[in-house]
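Multiple structures follow.
In what comes next, chain A is part of two complexes: it sits with chain B in the first one and with chain C in the second one.
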Partner chain A sequence: MIAQLLFAVFFGLLLLGIHRKVIARIQRRPGPPVWQEILHMLKFSFKTTWVPKTASAILFVGVVLVAIGIWTAALFVVLSGGSLLILFAIYMLHKIVEHGFGLSSGSPYGKFGGVRSVISAASEIPLFVSVAAIAIFTHSLLISDIIAYQALNGPLLFTIPLAAVAMYVVLLSKMPFGPFSIVESKELVSGYKTEHFGLWRAGLEVCNGLKTYVLLLTFILVFIGGLPIWLILIVMVLILVTLSFVCALSPMLSPYDSVTVQTLIAGIMVAYVALLGVMS
Partner chain B sequence: MKKQYALALALVAAGSGIAAMALNMVHTLPDWAYMGVLVIAFPLFVLGLGLYWMAREGEADIPFLGY
Partner chain C sequence: MNEIGGTPLFFLEFGDIVVYFTPFTLTLFILALIFTVFVLVSRPERQIDIAFGGDAFYDKVISLSELRFRRFMSIACGLACMGAMVTGDVFDFTLFVSLVGICNVGIVAAVKSRHVQNAAYQYGLVALAGTVPLFSAAAMVAATTGTLSMLELAKNAVEIPLAARALLVLGVMGEGMAPFYAAKAEMFRAPGAPYVIMCSLSSLLIFLRVAEVILLL
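Moving on to the complex of A and B:
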């Protein structure tokens, strides 16, 4: 477990580095090396660290612990074949964590990032709809049962492709530099994490690495099925590259447009799942 | 936070994780309890180690409020 946890952190950060590199190459820039995010995490660990005077000290530090803790728990839920509902409850907790990051610092940029994080909760609706579509076919929300179902009946990616698209949009909304990344947009400096510097940012980087690894792993297990670990890692990189293409070729939406597009996707998905429910 | 407290925090967290792993390997600790220990110990270890490396013990700063 400890080895898997450390591997997830570093491979997740490597994926984020690949993401930045692919975006840079598409935009005809050299871009940073693929291990840049790992270096970032280490660099921030060695930077001078303190708590700003205007910050709520307990929340400012505690939210970093919670951020790492919930994604550690999410990794174990996925690895043990646990329930998708627990995983998505953790996903919702991350929204609260982003909000806590922003509000704890006392900085207006952080606060705006925290508020936008709540606004962007619209991205979670397609997630719930994709869960409903999965439940209609597999009659279970345990990841182990979903993998077993796919071993017998083939990947859910081909059975319920629109649910996979909805989950893909959720992945996209969590990727940096994407069309839905309104919580970190440039007019807010770094959004909710503006004032979390030094070690606190290193902790956030650990959380981001885990989050990226867990979300991509979940997508593969739920929509493609159980694969050998080496193949899972390759598929993770392939999915990530497609996400990077979308991020590189689409502008960041305004908060209003971001919520509108995500709500529209959610509406289409609700109609799709209702149709699936009637047909099954 | 004093550096020795940060080091103690990192060591206790790492020790808890390793002890949980050892107990799990000899089937004394169930998987869910092992995972629970890691969920609590891992964040504490990350922050404890980082604070030991670089935390400043002096005055706090005010945040950046604009140009």
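Moving on to the complex of A and C:
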């Protein structure tokens, strides 16, 4: 488990590095090396660390541990073929973590990042829609059952393509430099993570690596099915590159537009699942 | 029982009321517990505003009594939330959810600002109205099936009316609106991060639990 956890962290950070590199190349910049995010994590691990004088100290530190804890639990759930509902809960609780990061520091930049995280709650609804659509077809929310269903009936990607699109939008909303990345936009310095530096930022980088790995792995297992590990890693990179293209070619939306677009997508997806429910 | 949240790990019986832990409810319970401990032991952050045009700054100071009251309400909210996460009884679930709503009104209303008080009043009305569909749903479930035990209801021996499920969701939506009112009143500008987070966390957790309850029934 420890080996898998370490692999997930480093591969997730590598994916984020590839994401930055692809965006840079599309925009005709050289970009950082693909292992830049891993170097960031290592660099922050050995930098001077303290807690700002204005911060709520225990919350400031505790929320970093919670962030790593929930995504470690998420990885365990996915690898053990557990319930998709737990994964959905963890994904939503990540919002509280972002909120906690932002509010605990006392910095206005972090605070606005945290507030933006709360107001963009509509970005979670497409995930719930995906979960509901999967439950309608497979009659189970256990990832192991969903993989078994696909082994018999073919990938859900072709059976419920719009649910896969909903999940893809969820992935997109969590990717840095994307159209929905309002929580860490540049007018807020680094948004909710502005005041977390040193070891705390290294913890946050670990969390980001794990989150990216877990979400992409879930997408593959739930919509394509069980594949050999080497093929899963290749598909992960391919999906990531498509996400990078979207991020590179679309501007970051204003908070109001981001929430509006996410709400519209959520509305369409809810109607789609209602239709699926009626047809089944 | 229907294993929506994973295989049940542990049952704790209090007569005919059963508390049960699945991986899903246990995850939510532990998170509610962790954040309640944060509220209990952490001091709120200090907010400093720069005075433009010089080197001066404003330090926002909140009275100790106000912070103590908000901390008390946040701890009560955390305890109610933990109850709502693990209960196996529909009526107890509605009770815990309404208690979460009351505590959230308290957390918002404790801030001594006219805008926040207005928001607390409006949220109080919404939460109050939310209890009607919430308890109606429990009453309808009891009237149609003769039981309120989720473990019994999960056996699907008697069909539960769609209206009862819809009313349960509507009630939880009414109680779980606190973060929007906190945001509306810009409570984030007042120190007290652990307490505002408890507002958001409790609302999110009851939404997650009601999703499991609805799928279970």
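To be clear about the criterion, the second predicted complex is superposed on the first by the 280 of 280 C-alpha atoms of A that agree within 3 Å, B and C clash if a C-alpha of one lies under 4 Å from a C-alpha of the other, contacts with A are read in each partner's own complex, and residues count from 1 in each chain.
We take it that a contact is a pair of C-beta atoms (placed from the backbone, for glycine too) under 8 Å apart; a residue touches a chain by one contact, two chains touch by 3 or more.
Note that this is a predicted model, so its numbers are computed, not measured.
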Combined model on chain A: chain C and chain B, fit or clash: fit
Touching partner for A:Val118 - first (chain B), second (chain C), both, neither: second
C-alpha centroid angle, chain C to chain B via chain A, nearest 10°: 80
Which superposed partner A:Val51 touches (first chain B, second chain C, both, neither): first
Touching partner for A:Gly100 - first (chain B), second (chain C), both, neither: second
Chain B versus chain C as contact partner of A:Leu59, first or second or both or neither: second
Partner chain(s) touched by A:Leu142 [first = chain B, second = chain C, both, neither]: second
Which superposed partner A:Ala151 touches (first chain B, second chain C, both, neither): neither
Partner chain(s) touched by A:Thr72 [first = chain B, second = chain C, both, neither]: first
Touched partner set for A:Leu238, first chain B, second chain C, both or neither: neither
Chain B versus chain C as contact partner of A:Ser83, first or second or both or neither: second
After fitting on chain A: smallest Cα gap, chain B-chain C, Å: 7
Residues of chain A that lie at the interface with chain B and also at the interface with chain C: 53-55, 66, 73, 105-106, 108
Chain B residues within the chain A interface of the complex: 17-18, 21, 24, 31, 34-35, 38-40, 42-44, 46-47, 49-51, 53-56, 58, 60-66
Complex interface listing, chain A residues touching chain B: 1-2, 5, 45-55, 61, 64-69, 72-73, 76, 80, 105-108, 110, 189, 194-195, 198-199, 202-203, 206
Residues of chain C touching chain A in the complex: 3-6, 23-24, 27-28, 31, 34-35, 38, 41-49, 179, 183, 188-189, 191, 193-194, 196-197, 200-201, 204, 207-208, 211-212, 215
Parts of chain A lying in touch with chain C, wherever the complex brings them together: 53-60, 62, 66, 70, 73, 77, 82-83, 85-86, 88-90, 92-93, 95-96, 99-100, 103-106, 108, 111, 114-115, 118-119, 121, 128, 135, 141-142
